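The block underneath contains the structure these notes are about, expressed in structure tokens.
A, B, C, D and E are the chain letters, set down in written order, and residue numbers restart from 1 in every chain.
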Amino acid sequence: MMALLDLNGVTKTFGGLTAVGDVSFTVEEGSVVGLIGPNGAGKTTVFNLITGNYVPNSGSILFEGRELSGMATNKIVSSGIARTFQTIRLFQKMSVVENVLAGCHCRMKSGIFSAMLRTPSQRREELAALELAMRELAFVGLAHQAENLAANLSYGNQRLLEIARALATGPKLIILDEPAGGMNPQETDQLVALIAKLKERGITVLLIEHDMSLVMRACEKLVVLEYGIKIAEGKPDAVKTDPRVIEAYLGTD
Amino acid sequence: MRLEIKDLHVKYGNVGVLHGVNLTVEEGEIVTILGANGAGKSTTLMSISGLVKPSSGKIIFGGEDITKLKSHKIVERGVAQSPEGRRVFGTLTVDENLLLGGFTNFDANHKAKTREWIYHLFPILKERATQLAGTLSGGEQQMLAIARALMARPKILLLDEPSLGLAPILVKTIFETIREINETGVTVVLVEQNARAALKLAHRGYVLEVGKIVLEDSAETLLANPKVQNAYLGGG
Amino acid sequence: MEEFVQQLTNGLAVGSIYALIALGYTMVYGVLKLINFAHGDLFTLGAYLGLTLLTSFSLQDKMGPLAAVGLLAIMVMGLVALIGALLDRVAYKPLRDSPRLSAVVSALGASIFLQNTVMLIYGARFRVYPQDILPRTVIDFFGMPIPLMRILILLVSLAMMVALYTFIQKTRIGTAIRAAAIDQGAARLMGINVDRVILIVFMVGPALGGAAGLMVGLYYGQINFTMGWVYGLKAFTAAILGGIGNIPGAMLGGLLLGVMEALGAAYISIAWKDAIAFMVLILILIVRPKGILGERVAEKI
Amino acid sequence: MMTKKKGLAAIGVLIFATFPLWMKYVRPDDVRYWVDVINNVGLYAILALSLNVILGDAGMYNMGHAAFYAVGAYTGAILNTQLGVPILLALPVAGITAGIFSAIIARPVIHLRGDYLLIVTVGVGEILRIALINDVFGITGGPNGIFGIARPEFFGFKIKRPDHFFYLIWGFAALTLFLFNRLKQSRFGRALDYLREDAVAAEGSGINTDRYRLLAFLLGATWAGMTGSLFAAKMTIISPESFSFWESVVIFMIVILGGSGNMAGVILGTFIVIALPEVFRDFASARMLIFGLAMMVMMVFRTQGLLPPKPRKFNLPKLAEEGE
Amino acid sequence: MNKILGVLLALSIASAAFAADTVRIGLMAPLTGPWASEGQEMKQIVELLADQLNAKGGTQFEIVAEDDAGDPRTASLAAQRLSTKNVVAVVGTYGSSITEASQSIYDESEIIQIATGSTAVRLTEKGLNFFFRTCPRDDEQGRVAAKTIMSNGWKKVAILHDNTSYAKGLAEEAEGLLKKEGVEVVFFDALTPGERDYAAIITKIKSAGPDGVFFTGYYPEAGLILRQKMDMGWNVPFLGGDATNNPDLVKIAGEKAAEGYMFLSPPVPQDLTTEAATSFINAYKAKYNSEPGSIWAVLAGDAFLVAAEGVNGAGSTDTTKVAEYLKAGMKDFPALTGSINFDNKGDRIGDLYKVYKVDGAGKFIMQ
């Protein structure tokens, strides 16, 4: 079976500094993969390379067999990869449901003229988008907050809202950058359940996370980065006992 | 001088980040604050330095309420910080960065001595003195950030993730240096991702979770605490 | 060739005035990310205050032209600096934490206000400086007649720029200004009183603008209350051209803009000179989106 | 409750729509003047609404909007005087021409950030003005501009008095409000909001931000172009000085002062910026001073603009139970 | 004493404003904006003349002044305002394009308009019934300019304008005539008004090597150019158009640099020799403590006098009759700038342009 996402020898440098060096790994369809490593190891850079925010200096990134590097971010999203951000990037001054509607955008068609004329198809589409947005909000458990401003949500809920927005794009692969940041243990537990539900829906998940307990519970496979280089890959239990990983990630003595 | 934080609440907009943080740091101690990303560690340090104004609560340093003081006054009282992400002045030289660190220090003689001491602590910075800070490697920048804070000759030094993105060998050096600094009588508050290393260095530690202190104990006890091990030491 | 050199000196003299004004834009922008649209009117104010002080105390009779001009410069720069500080206090300080464009509109309001204040005080007519203060010597430069005053304008401007550059680069306060421009938060952590830095910036920039106004008055003679608008726009363009927020960039941008205008007028068309300057600006920005000396800052995601 | 509000609004609209009729009794001496002032407000209101799409909604600092206005005005005037096209028929052509012009201009500079885009748009405005003065294609009449533009006719009715123009201009303004409001409530309107709030997040949510930046310019410029044509019809003569940098600045101020992104705010802003100085006319030469002071004071006390935008209201579909 | 009388008069006029025998005359002038000093002077002159006329008894005139700010849009607003204020005639305004923006409004309201400084040819070529002007036309000035240039013996001429409607028109007019006469135009371009430094332009003109320069723009730029020309050590004769006729020219240029500068103009106020003019100038001095500086302001005074004469001569405030009287009935009306007759288009008949030269003391000497 072909991997859904396939990174092959991806390298990214910033003015002489190698942020990501020759990283290769695959994400199988329907799996939950964790990308871990100490702060500054280049995990978020890998995410930005996948989503087209950065263009790699070399190497290839294949999604369903198609090359992603060089493609515009919005194209990558509409081809089926959605993401959340490490530092929450919601539209803070807009309502919760409007935030989710942003995700619906790439699955909609109507333009300026149909909006001005308010054609029946445009109205149907708007209604459908609104329903989809509400469904995704309900999925992450935020439907009751729909009309609240995004800025008024707690950090944990803002993380969930970002996930709802990502889901509204109808992704095959969702990549979550530290989804548990700012969550208390109860919320973290709910997040683990949510990730399981994503898997049930058939959505592949790639995530960066510091909370090791979450990673161990949620992921089927881990990829470990240190200084932009992959130092380990495999099942959580195996990675956990890898001495290099322990030294790099869990702290030196 | 003792630092005391009483029931500190901080809000960003409508969202609370700190919900009643209490902690004390005794003179000469190294205290570490542990917690997940987003738990409010950096916010706590920024509140101490006066860059974030708390909605309620008090910060008392050396018996003086510094909660409402402007940040430069707080630095003058002897509180210096090496912030998260280093935030060195990239287009200024290493020397200029150090000069700025000693901004509140007017005594030229004293300043020269401090610089000597810093060059002794971080010999690499002496070599790099005229280089732009932005061209330094990550580790060198981190050293510069700490050195810059030391230039103020602080009574208490706040360090926010000094090991971020550093090679283990460098982390070791930096932590050793922190100990050395502490031994000269500077109180240290250390926020660290690298919990194990931090707890080995510190005398005491606090665990912050979603804006609240949930644990407080001596470093050894925390290191042995299964809950801490599970959450921050990768299940031990 | 002779014409080229002559046009070059023409452009440099004009450009040095642009550069002096541009410094005020760029310094304020560097620290506050604010376009101080009223800056051009501070320049006008400098020209008018110079005229008032000159005529009401008849300085040149009392102390001779050179000392008079020197004293005048100090007084004008001081006064305009005070007005600059006051302007910040009234129009910008209350808007520090609001959307950037709100401060821009406040700045435009301040510009209209200052312009009309000058008009109400001094009248709408052109005002003219006394003619006999400065020598109108023409020096012979390899057979080319070049007015001494033009060279003096260039030299005085350059001297002021060098002085500012030294102040910014070498002094404690200057370093603090640069630090605050890079990262205000980090600057505060160093114990820098950023409010005071802003105050200094709002005094130094206007002082230079006021000095430029005085020079324009002394050399060109004719001043009017709207002149700051034209010079201000040119200087702002110069600041962007060099990379706004960057002090050497403002100097370079100013001189370059002046030369571009002169050469554009000389070799393409006088009537199109401003359009040519703007076209070059746009082309430069397409190639270098942050101006000639501006730094590219990658956005953190 | 809702109907009461609607009723009040309807009464307000009615009072405004009959302005030229009742003003005759309030100010018999200078009714035409006041109607003309309100007509100018109307023109600026449409212009400001069109800039609002670019500046308020999409968040792009455009301080050269008068350029698009000018392109429209000149297109309309040239079509009318050279080819005899009735000015109201020339309106859409003028709009499209301005739109195309904006797209050509905007394409290479759309990525410039904030103040850099601002000075580029200022530059474009100045370049265009200089080109018009220099009679660049030999059809703009140079500094004289174009005169003798025929009065518009509406089904045989010749529009020439200020009160006629009142209905033409404000009719177009009402249409603009109606259409732009629909746009605001659509996918397009939301896309611009996302783009302004956080372009990276918008792009990451699958929105083609480049395309929407360009579309915002295109729409705003098209509308400004049509307004330009309307202006040409009203003045019957146009010249480059009507499209100076100052015009762009005024429109810019209106949008920010009113509350960028909020159409009601923009209309209110137009009344303040355009009509208020007329009210101050009694202060003669001090009126602009008062005006400048008022700008400062208003911004200082309402830093978000007079009427900042509010989040959209949705008719949320009732869904079954939350979660699971 | 005079002042008190003036105030009393003004008061009595104000109280009589609604009396049946008061005729309202509008004044549209640039009271603010770039030409504010001319505009203010126009207002002073017109008001003074109205006071004098009213003091004589007979029909009483009330002046209603509106600001056009030297800007077409404001002008059209001012015209709307005046057209609803029951004025019989409007005096104004200065710039041609500004006048043009108001022409159709007055014409549609059937109000007499008498322009004061709008010299563009086309204004009277539109067949408007109610439009007049007391100033001459650009084509006449162009003719005088060409004549002057040729009589100076210039073989190569540089022509510089400022891209305003008026200056460009005059420049083109002169260029055409000169070319026809075989004079070589070695330079023809426009400067940007409102700047300070014109060295680049002077350098460029200099390298074209003209025998003389004809500048058709306004006095602030002319003054600067003369001054900078001298600074650059270049000695070439300059001829200017009538927009440079302003005493401030000498102030800006300095006496030395202005010396020898020639310009074309209707006579300056001080050179007006008519009895009406001298007594008026004395009255003006007495009232405002300064001399009228701008001939255009004096022409505004003439426009007012003509308007008043029109009402008196026609014996009616019916504007059709007034217009008819002005065109056909009025003969050699003695105004401040000489006698005034109008042709059928509303243009003033007669040769008004004179050549002036600035002497060493900065005085304008009629040649």
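A few remarks follow.
Heads up, the rule we're going with is that a residue touches a chain if its C-beta (ideal position, glycine included) is under 8 Å from a C-beta of that chain, and two chains touch if they have at least 3 such contacts.
From a predicted model like this one, the values you see are computed outputs, not experimental measurements.
Fewest steps needed to get from subunit B to subunit D, stepping only to touching chains, is 2. Counted by C-beta pairs in contact, the busier of A-D and B-C is A-D. With each centre defined as the average position of its C-alpha atoms, the distance from subunit D to subunit E rounds to 37 Å. One simple way to say how far apart two chains are is to compare their mean CA positions; for subunit A and subunit C this gives 49 Å. Averaging Cα coordinates per chain places subunit A and subunit B 32 Å apart. Here the CA centre of subunit B is 76 Å from the CA centre of subunit E.
Touching of two or more other chains is recorded for residues 53, 85, 92, 149 of subunit A. Residue positions 124, 269, 271, 274, 301 of subunit C are each in touch with at least two other chains.
Chain contacts: subunit D has residues 133-134, 200, 285, 288 touching two or more partner chains. Across the interface of their complex, subunit E is touched by residues 3, 6-7, 10-11, 13-14, 123-126, 128, 131, 136, 138, 145-147, 149-150, 216, 220-222, 224, 226-227, 230-231, 261-262, 265-266, 269-271, 273-274 of subunit C.
Note for the complex: subunit D touches subunit C at residues 55, 61, 108-109, 111-116, 118-120, 122-124, 126-127, 130-131, 133-134, 200, 245, 249, 252-253, 256-257, 260, 285-286, 288-289, 291-296, 298-300, 303-305. Chain contact summary for the complex, subunit D toward subunit E: residues 29-33, 35-37, 40, 133-134, 142-145, 147, 160, 162, 235-237, 239, 241-242, 278, 281, 284-285, 288.
By the touch criterion given at the top, residues 29, 35, 90-91, 94-95, 97-106, 108-117, 119-120, 124, 233, 236-237, 240, 244, 269, 271-272, 274-275, 278-279, 281-282, 285-286, 289-291, 299, 301 of subunit C touch subunit D in their complex. Those residues of subunit B whose C-beta lies close enough to touch subunit C in the complex are 49-51, 70-72, 75-76, 80-81, 83, 87-92, 96, 99-101, 103-104, 148-149, 152.
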